Amino acid sequence: EGVKEIFQDFQVYLEHEQKLREDIRQAVQNIEQNAREMMTLLLSVHQQDGIKQTPSICQSVSPMFHVIQEKMRSLAELVPANQYYRFNDIWRFVVQRLAFLAAFLTYLQSETLISRTTVATMIGVEVNREDGFHLDLDDYLQGLLQLASELSRLAVNAVTAGDYARPIRIARFVGDLDAGFRLLNLKNDSLRKRFDGLKYDLKKVEEIVYDLTIRGLKPNETAVQSI
Amino acid sequence: MADEKRKHHFDKRDRRGKRKSEEKVDESSPVIAAFRGYQQELDERYDRYERIIKLSRDVTIESKRTIFLLHRVIGSEDREGLLQQAIDKLSEIEASKFRPIAEELKDEDIYQFIRAYTSGLQEYIEALTFYNFLKNCGLIKLEDVQKRLTFTAADDSNSDETQQKTQAPVDGHIHVVIPPIEYILGVADLTGELMRLTLNSVGKGDFETPYKVCDFMRCMHAAFVTMGSMSRDVVRKTTVLKQSLQKVENACYTLKVRGSEIPKHMLINVLTCASSG
Amino acid sequence: EGVKEIFQDFQVYLEHEQKLREDIRQAVQNIEQNAREMMTLLLSVHQQDGIKQTPSICQSVSPMFHVIQEKMRSLAELVPANQYYRFNDIWRFVVQRLAFLAAFLTYLQSETLISRTTVATMIGVEVNREDGFHLDLDDYLQGLLQLASELSRLAVNAVTAGDYARPIRIARFVGDLDAGFRLLNLKNDSLRKRFDGLKYDLKKVEEIVYDLTIRGLKPNETAVQSI
Amino acid sequence: EGVKEIFQDFQVYLEHEQKLREDIRQAVQNIEQNAREMMTLLLSVHQQDGIKQTPSICQSVSPMFHVIQEKMRSLAELVPANQYYRFNDIWRFVVQRLAFLAAFLTYLQSETLISRTTVATMIGVEVNREDGFHLDLDDYLQGLLQLASELSRLAVNAVTAGDYARPIRIARFVGDLDAGFRLLNLKNDSLRKRFDGLKYDLKKVEEIVYDLTIRGLKPNETAVQSI
Amino acid sequence: MADEKRKHHFDKRDRRGKRKSEEKVDESSPVIAAFRGYQQELDERYDRYERIIKLSRDVTIESKRTIFLLHRVIGSEDREGLLQQAIDKLSEIEASKFRPIAEELKDEDIYQFIRAYTSGLQEYIEALTFYNFLKNCGLIKLEDVQKRLTFTAADDSNSDETQQKTQAPVDGHIHVVIPPIEYILGVADLTGELMRLTLNSVGKGDFETPYKVCDFMRCMHAAFVTMGSMSRDVVRKTTVLKQSLQKVENACYTLKVRGSEIPKHMLINVLTCASSG
Amino acid sequence: EGVKEIFQDFQVYLEHEQKLREDIRQAVQNIEQNAREMMTLLLSVHQQDGIKQTPSICQSVSPMFHVIQEKMRSLAELVPANQYYRFNDIWRFVVQRLAFLAAFLTYLQSETLISRTTVATMIGVEVNREDGFHLDLDDYLQGLLQLASELSRLAVNAVTAGDYARPIRIARFVGDLDAGFRLLNLKNDSLRKRFDGLKYDLKKVEEIVYDLTIRGLKPNETAVQSI
Amino acid sequence: EGVKEIFQDFQVYLEHEQKLREDIRQAVQNIEQNAREMMTLLLSVHQQDGIKQTPSICQSVSPMFHVIQEKMRSLAELVPANQYYRFNDIWRFVVQRLAFLAAFLTYLQSETLISRTTVATMIGVEVNREDGFHLDLDDYLQGLLQLASELSRLAVNAVTAGDYARPIRIARFVGDLDAGFRLLNLKNDSLRKRFDGLKYDLKKVEEIVYDLTIRGLKPNETAVQSI
Amino acid sequence: EGVKEIFQDFQVYLEHEQKLREDIRQAVQNIEQNAREMMTLLLSVHQQDGIKQTPSICQSVSPMFHVIQEKMRSLAELVPANQYYRFNDIWRFVVQRLAFLAAFLTYLQSETLISRTTVATMIGVEVNREDGFHLDLDDYLQGLLQLASELSRLAVNAVTAGDYARPIRIARFVGDLDAGFRLLNLKNDSLRKRFDGLKYDLKKVEEIVYDLTIRGLKPNETAVQSI
């Protein structure tokens, strides 16, 4: 029975794969727990008076990325060379969330767009595929799209908190993001779908600027710029 | 191939250049600059993916044709000729489709592109193992299939471009790596063809093939049952495999009960009639 | 209000469309009724002694194709130029059945394979797609596959009726059909699926030949040929 | 073996079909690429100061329709006579987008409703179904509904940019469109569904007019008219 | 109508007669004789069903048109004229579609045919209740709808045929009976139209309709919640009703917050502007 | 709140309907229990030597129809006049089964086709709709189709039991049934679907007759007729 | 026939099971009727002027929980020890609804979050799984999510009714709920899905506060706090 | 922050739940591996000459049930009292398979029907629901239905292997099983569905007996009985 022998090898192969997949899944679940805590902290910026406590919120979240870096490196060690995309689905979600967290934190600190390299550094992975466990471009972009969505919410709450300049700046930032994304020739289904949502985020902030404009609440350009 | 590639890239630069002058996009913005880079990266990946998909689609079509051709072996007078035609077709697929795929995959993480060529690869494995079963009555091993999809690195004019872009493998070979699971799934599909083969054999008066296939498929079935629910695909294909096996078992049963009616002295007569009819 | 006039035109247009679809559906239902009657008649060839009445059965079915031709032409007239594939699904089933009926009738009369052209002529449609309402290749092939299935049943009943030559001829005919179909690389799902059934039909008729052979009931070649 | 030859013909035929479908799909993908670029350009009218650059934006988009015409004609040539509806699904999406682009461009240039004939001419297809590759009424109407949605967004951004006359004109235009669509008894699911969205677009622009009115920002009729 | 019916039957007999002479069916067989009877019975039922379906389809189309027409009432200068047109259309539907349905259903078990006309009936109820809401601002009762679908038995030339076939009802009336559940489901659909009406009203500067509709729909919602899960259709439509209700509530909310911005002295100005614009 | 009053009536109506439906369901479940027992008894005819005990099996099943009649009459009393088809779905299945049981019993006793009237009488319902709770034609026909299916199985087991004449008679009976059903212009989905199965039952018994014929096991006509 | 006896035992067993399931279902349906009535009453808080009648509405609903307690206890008695999770699906829906009703009532009375223990007490079931028929954590949480959704609706209607302080308080309450849920690592599909809806409820109330703010309708903090 | 503390408790609780579920799943997967090995062994009875090696096959499988018993007991210990039906879905499949394996082994050894008690003992679980981790009746019955299906396959292969007596005995056994199941009033969807398959298994073995009979291959009763 040559057939039997041929298949016995596969049994070992499949068991090993299953074990590996299980280990990766556990590592990822562990990271998700951290991400969830960071998320809760960062989102408190939306709460009453939260917008005024931005600096202190950022300060408490910022160091938490060290833990993330460590855990991501442990995760990376589990994955065999050149097999990143074999198990990609398991950590895709949490990496996108981490990219979002890094991008949101950076925005809150400096109102700038975080670069791919910076995200990679903050969450402790490589930038380039050739170097191993890296930040997939798709995941970085997904993080930015989540950022746009969160910012449209922030614009609403900024007005509530009496900050009329911030929505104007957010509108420009999201407009830039939109222009950037429009350059991309997206095929990927989930990225494309999320990108379709950007249109609504942009529309939302445009409408807020409109609301401010028509009521004469829009600050002048100097006031807008001075963060 | 390489020329075409270069042309393709050139086209793109051209297009982009033209666009630059026309567009209302603020090129000084760092966001825009970054996204221009992302665009290029995405385009490259998507283009590669598309090229592989196209090659894989061709592989699927040609492999299916090879399988159809192989079914004609049963009851044919030119068994060897047909088998030769089939292996020629398979070699042609390897040279004209898999080699380009291997070039595309060189130094890439194959799992990033596996979905682009998995269906072609499985269909090819199905065809090759089917050929091998007809030829040698056994299962060709994964290593042997892998050998067929291993090519010596091209030494032609465009090697410099390739060299620049990536590190050439030390052994001077490029491969289409076959993950074991792909091999297993391709082999699972083989059983469907074996079932068709059996039913056709019975029709054509070939009384040996069914029993041979039946034995072979029982071994396969046992192997798949033992593997179990490691992967959803495997479970699904195990179900199909069992159905095919039962069809083959039924065919053997039919042969047996019908065979029981032949008066011994007529047996040879019948067999000769059947094979000439 | 130029807009209003334009849209009123559209409304007329849309209503016309709905009416058209309804008319086509009715015409098809009407043809289905005829097809069912022809079916019942032709299938009576399987009944006890039916096989001996083949000529008279054929004679009564044959002229019924005139009615079909008329009705199919009326149907064709309903379908505007270029829109065959727009309404295709409505008549697909009945056309396949008519193709089968024509093929079965022809077989019973002359034991030959009906050509696509002849089917088209018999049911009153064009042969070529370019000429408008035509016989789609898929539908013709589906008709042939139904024929194979019906012939395997006929072979069984021929033996019961004591006609041992007919199954031999049917086996050859179905074998030829099978060889023909094997030349095709079928993609179409429903056609491929139906084709998979052909091998059972073939197996069945070949088993009958086998049964006849081992019992020495197989007539000699001359007897087989003389229909 | 007459059967064999017949079936070999069929095989050639079937392979040709598969090739054809593949070619059409590629041609459509190619056109989609152009449409995306035109889209990005036209939508830049929403950007800060974009509204003032409308003429130059239109000037750069307008000639791009020549390429579209060429490519659509090549596509049309691929599709055999009578088979428009056989492959319809492949180009439906891009044709609707092109219809929108033509309608939006025309609106930006002259603030008029583009006619079905003009859309057909601009994208290089026939107007009448009888003449072959044409602009399906449904696709034209879908384009108009996309236009309404984009105009409601433009009204918001016009106010932000300080242009108070434009929203008034947009409100009238969208109102006319709405009245037009109300004349239609829509059956088609996707069209009907999209049409239900029109009332939100209308509501939005009418709210803007209201906002301007109660604040005395509504320009007088002469100012509104002079584009 | 009756003439057409008779012709239809005659046709059939003719067809059957012709067939008899041609067919290979053994007419002496008791099985065949019985099945000839079944055939007639089935044909009659199917034909009746088909006729009702066709009438019902027309009812659906015409009712939908009436609803579209009624939506034009908002913001129109000819409110009464449009309402008149609508009720005329509804009367026409009753006379030309429901009366024939009532004739078909006479002395039948309506539940055998309910599926043939349920969608038409519900759409008609939707249209009629919509008309009534616009006209009288309330909900028309089932009894009142039922009255509209009650007709005096025809007294024309073909009454003899009808009389022969069935017992005329004592009161000389024929009906399209409306099972309460059909009424409820039709009314549930009404809420979707009311939601559209509200949104259009807001657009046209009509500030009263939204509040009126909102109140009305809250009552409806409460009634549906109380009815609960008696029928799957009711549950499904309750969900849709709630969504519509929330859209209307949001519209009222918008009116309120926007209204808050109008300087009192401008209010009349705005309203007159809006209605003439 | 006129709305409230209007709907309160319906609440009562719906509760009453629910109660009624529940009562009917219970009555039907009760009858199903009896039908199941009768089924088990009648199907024992397929068992080893069962065919020889046909008379005694029939004798034990026959009186069980009295109980059925009683229970069906109780069920009929639950259903309001002219609302048979309102609750039809609840008893449809069991009535079809009872029709089958009556038809199978009758066939086993006399090898004749039971009439609709006889089925109605045996299970205690009316024949005509006008008279109240009746035997729906569809249900009677469904019972006959179940009979054909059971007879094809009986033909198999008859051969096993050494009775070679019975399959011949079954083939004729099922052939007649098929001819009868072919006269019907079926629309009803479930009936139509089941009827498609009749084709296979017929084929099966035709093949059994074939098997007997080719092996010279077919008895002569006299032997076939003498039951 | 040992087989027969064994299966007859099973039959008794299965019938008993079905009876039990039927009884539980009826008890649950009965409770659903009460829950529906309480629902209708509580929802009247949305009606025009309803918000002002909150105290009297609460007073009429509050005692209705006594009936619920009784009926839930009777239900609990029906369920054999160890089999809570066997029939769980039957009452899951109504228990979630009751949890919602208790939570909504409590909110309307005191604008506080009801605890799991209080819900359990109010609806007459145990708190701990070990003690038998208890309030599953999932069901309690589902009730809270329904509460968030209903409160976002209440915020809308409060504004319409001229109460501008309530939305502010609701926004804070729902924000707290959101933060709470974010701490949980939800796996359960339906709970997870419902939780995704919470994001929209929160956004909705934030936008209401925004609308009030931008129009200067937001009351000062003192006015907000004085309930 | 009362809300926060409450939710943190929930978090602990939910994590414990997930851990438990994960542990149970792993234990079940482990048992599945054993079951698969036993399956492969027992199914080798179908192989050419397998039928003659039945005793030795049974001897190698039989002791493997000891391991199963141990592992099932460990699994049972994981499941908290009262929560059998909470996690039931996780082990349902493997328990049905084990029931089948026990039933098939018993049949091969003695051609008798295994009782529910014996299955429970063989796989190391309780018989009665009240005693905790037990063998659910449904699962036992599912095992028997799988047995019927496997036996019909065995009948086919027995004939191929030249054993003509075994199919006769299988036919009787499956006939008894069918009669047994017919007594049950099945509601459970999956059980009911599987039971419908039993009809086909029975038909299949009846047709095998038919095939043997018509060809004179059926052994006489003495030969059939002597196992």
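Per-chain numbering from 1; labels A, B, C, D, E, F, G and H assigned in written order.
Methods note: a residue touches a chain if its C-beta (ideal position, glycine included) is under 8 Å from a C-beta of that chain, and two chains touch if they have at least 3 such contacts.
None of these values were measured; they are calculated from a predicted model.
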Steps needed, at minimum, to get from subunit B to subunit C via touching chains? 1
Selected pair, out of E-F, D-E or E-G, that shares over half of its residue contact pairs with B-C: D-E
Centroid-based (C-alpha) most distant chain relative to subunit G: C
Where the centres are mean C-alpha positions, what is the separation of subunit B from subunit H, in Å? 37
Whole-angstrom distance, CA centroid of subunit D to CA centroid of subunit G, is 47
What whole-Å value do you get for the distance between subunit A and subunit F if each is reduced to the mean of its CA atoms? 65
Among the residues of subunit F, which ones contact at least 2 other chains? 179, 183, 185
Could you list which residues of subunit E touch at least two other chains? 25, 61, 222, 226, 261
Report the residues of subunit D in contact with subunit A in the complex, numbered from low to high. 33, 36, 39-40, 43-44, 46-48, 153, 156-157, 159-160, 208, 211-212, 215, 217
Residues of subunit E that touch subunit G when the two form their complex: 211, 214-215, 218, 221-222, 225-226, 228-229, 246, 249-250, 252-253, 256-257, 260-261
Hey, which residues of subunit F end up touching subunit C in the complex? 172, 175, 179, 182-183, 185, 203, 206-207, 209-210, 213-214
Contact set on subunit D toward subunit C in their complex: 1-4, 6-8, 10-11, 13-15, 18, 80-86, 88, 113, 115, 129-130, 132, 137, 141, 176-177, 179-181, 183-187
Subunit B to subunit A touching residues, read off their complex: 25-26, 29-32, 34-36, 38-39, 41-43, 46, 49, 107, 109-112, 114, 138-139, 141-142, 180-181, 184, 216, 219-220, 222-224, 226-227, 230-231
